[in-house]
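Note that the chains take the letters A, B, C and D in the order they are written out, and that residue 1 is the start of every chain.
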Amino acid sequence: MEDVIINFLKDVKLRNPILIQGLPGVGNVGKLAVDYMKDELKSIKFADIISKYFPPQVLIDHDGTIRLVNNELYYYKHSGSGKGNDLIMVVGDYQSLTPEGQYELADRIIRIAKNMNVKRIYTLAGYAHNDINKNIIKIWGATNNKTLIKEMEKHGVIFKRDDYTGSLVGASGLLLGIGLQYGIDAVCLMGETSGYFIDPKSAETLLKVFIKILGINLKFENLQKKAKEIDKITQKFQDIEDENKEDKDILNYFA
Amino acid sequence: MEDVIINFLKDVKLRNPILIQGLPGVGNVGKLAVDYMKDELKSIKFADIISKYFPPQVLIDHDGTIRLVNNELYYYKHSGSGKGNDLIMVVGDYQSLTPEGQYELADRIIRIAKNMNVKRIYTLAGYAHNDINKNIIKIWGATNNKTLIKEMEKHGVIFKRDDYTGSLVGASGLLLGIGLQYGIDAVCLMGETSGYFIDPKSAETLLKVFIKILGINLKFENLQKKAKEIDKITQKFQDIEDENKEDKDILNYFA
Amino acid sequence: MEDVIINFLKDVKLRNPILIQGLPGVGNVGKLAVDYMKDELKSIKFADIISKYFPPQVLIDHDGTIRLVNNELYYYKHSGSGKGNDLIMVVGDYQSLTPEGQYELADRIIRIAKNMNVKRIYTLAGYAHNDINKNIIKIWGATNNKTLIKEMEKHGVIFKRDDYTGSLVGASGLLLGIGLQYGIDAVCLMGETSGYFIDPKSAETLLKVFIKILGINLKFENLQKKAKEIDKITQKFQDIEDENKEDKDILNYFA
Amino acid sequence: MEDVIINFLKDVKLRNPILIQGLPGVGNVGKLAVDYMKDELKSIKFADIISKYFPPQVLIDHDGTIRLVNNELYYYKHSGSGKGNDLIMVVGDYQSLTPEGQYELADRIIRIAKNMNVKRIYTLAGYAHNDINKNIIKIWGATNNKTLIKEMEKHGVIFKRDDYTGSLVGASGLLLGIGLQYGIDAVCLMGETSGYFIDPKSAETLLKVFIKILGINLKFENLQKKAKEIDKITQKFQDIEDENKEDKDILNYFA
């Protein structure tokens, strides 16, 4: 089979689309934020991404039906006329577990973005560090185009670091790096988090900044519920991981 | 060499074939069930699958002859006329140890199924969880086609979950997921098991439900013997795994 | 670069060649035996195999010159006329560390053998088990062609097992398994060993049986020296492995 | 995407170019030496190498802008006329983490060197061993062409070993080994180091020998500053590595 398979479910024409990605990661801040936004905007799925870079796994729903673990693309058409931006949202169960897969999947998503005439990408993520002031969650930014910094700073995103700030590992960073190769502007927005548990407070703070940047509205009353839903699923994944760690016996690994 | 090599030993014409897979996994329930069924039905081998996704290993028989570890395809022709189903059984020493190999092998088996005009797939597996009532082993189901649930439930298979039930890892799940991509209906049937030892009781309970679904007969008097046989072989594999874990010295790893 | 690169150093015409492989493995029995035989017979190198499946490493000689880790092919022309067999010997620093590499390298060696019209292959190896009678080292055999067993048994090689004997992991086994795919007869001869240290006693016992099978002569007075030489080199490799285990810091891993 | 992508930023014509590589490794001696030399000579970047063999990671600069982790090629044109050598310097954030990637990247750099008509390669590295006389740091050499030894020995580089000296793991060694395949002379120069911390003293000693070999001048007053700069960055990388070791939870692995 091909390394990465994109199943397009419908042909979509979007106006000035922006691509937004939120995948599992630190404190699941990015995943929660984009999953929630996708639901609240009643976005519509238009493509599935399956890949041998994801775990060899299917998910079982309450009624006993299954689907392959995947990433999914949703779109949202803004209701206004003219210059507004339609949105493409990338969400998913997993990031690739291998470096090669990370690069391949980021490259494929960037090429989809290019084909759909996307001019800007946002990746949403968590930023784990130790001395967090829990009352004031800061939103940090990183970008592949310096000229975007001012616009983001107006909304309170922090770009300047006193110190060399290391690196972004995984899909949130790679979309910026590979986006740069393809000439697509991209910004990563990170909500501070302790990182150990799913962090709806960080996701909400992040989203509140983000919707101002996008110029859209969003209600937050269902965010806690969404957080619990994601937490339950990822806890299941975690249990599988833990079992696999304890019990590497190949004969017991697979169902 | 090619990543996956299918050696067809004979050209087989089957009527309305159903594909049944049982590979090593939790409690070896699926492997024992399908290996046993294959033997009892005096099924005939028609293809070998060898692959670089399997361990680099040959098995030595009592007389000192060897064969590569592999997966094998058997067929069984139903004796009745008309509308019955012939059977294809997929059995083997190992599942692939890498995600990529899992996807590739599942994809190849699905394509063989497609070529042979298979309309339905069953994967048999174990379902490990903690609070098992050892006197009443339940048979759980999962499927890639909701319309099959009713038919399965008639035979006592449980599909509805109170809770999000996580996932199926490995070949039992992937055949359903990739089957869905190719439009082939597939059901996974799982016998509850503690999962630590080979579980002939779970396999027997599973098979008794399964033969009702298939509408065939099977005697169970040799199941314990088959369980011991598989246990002995997999115990050997386990010893090799354990040695490798303890002693990663490359110079001592290989024979 | 290509996955496996064969550098042929000269064009060799051999009569009725037999291929003999001895690579690092349990107790280094096979490596010591074939390295020693190669030296004693004053065999001539005719090909190098380099590959990305080997460790990314060069070896430094006493004078400061380097070479890539590799496998090497030597030939020996028998002095008699007529029906005797010329020999091809496969020796090397390492086996591939990945399953994929194991399969690819075995496949390439088998194809070289096929091209050179090899009709029989011997792989020499160690067989580690617990209750060894150190005074009587047994030589065990395994083969991909049942009809060879009698011939080997005449020379004291043991093929029959009371029990299922598990498996051969690595190149010694794969040459038999893949040889079977290409229709080349192959035998693995294994000297019993404790497996923890290089075992010249096992290698000598193995060689004494093997030269009778081949019908050639060999002196053994330099075997201890060869064992020490190999031990020193592999001990160096082992040190590198150990360092890597302790200190996975990427910044200190590479020279 | 391609496994290795070379982005040439400008078309460069060089006279008698020598290629010099210094990548992260033991005590970061080679990286520090070549990074420093590159800066001091005010060398100019002419190519980026990005690859799926590097970690899936972007680096964030003080102002919040990012770039993919990469290797980079710089050139320096010697000011004199006639027979002097221009220099190509290969520096970078990481070496490939996989054997396959190590081979592929070394092969690509050698092919670039071949295309640019490079006749000689130097790789600079650290040499970790226990009994170092900290007052007299020795510079060890290894080469793929015996005839270069005398020239190097004139400058105090030690080639002769009493003992089998094991091996060079990683890019410093592979450029020599693969260079040999392509017929390009190559020398590895190694400064003794304890290997646990970045070692500016070893780098300085190494560079002082190296600039005599090259016949160029270099001031060393900024070396300590460069060492601290590299140490800070690599410490960040180390923190990420450590976090990943402790916390393999896939959901928290990525930002």
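Methods note: contacts are C-beta pairs under 8 Å (C-beta built on N, C-alpha and C of every residue); 3 or more make two chains touch, one makes a residue touch a chain.
It should be emphasised that the depicted structure is a prediction, and the values quoted were computed from it without experimental measurement.
Q: Trace the shortest sequence of touching chains from subunit B to subunit D and report its length in steps.
A: 2
Q: If more than half of the interface residue numbers appear on both sides, call it same; otherwise different. Which is it for subunit A and subunit D?
A: different
Q: Counting in whole Å, what is the centre-to-centre distance of subunit A and subunit C, each centre being its mean C-alpha position?
A: 51
Q: Give, as an integer number of Å, the spacing between the C-alpha centres of subunit B and subunit A.
A: Roughly 36 Å, centre to centre.
Q: Can you pull out the residues of subunit C that are in contact with at least two other chains?
A: As it turns out, subunit C has residues touching two or more other chains at 97, 237.
Q: Which stretch or stretches of subunit D touch subunit A in the complex?
A: Checking each residue of subunit D against subunit A gives 1, 5, 7, 50, 52-69, 97, 232-233, 236-237, 239-240, 248-255.
Q: Spell out the residues on subunit A that touch subunit D in their complex, using ranges where they run on.
A: Of all residues in subunit A, those touching subunit D are 23-28, 94-95, 97, 99-100, 102-104, 106-107, 125-128, 141-146, 149, 159-174, 176-178, 180-181, 188, 190, 195-196, 234, 237-238, 241, 245.
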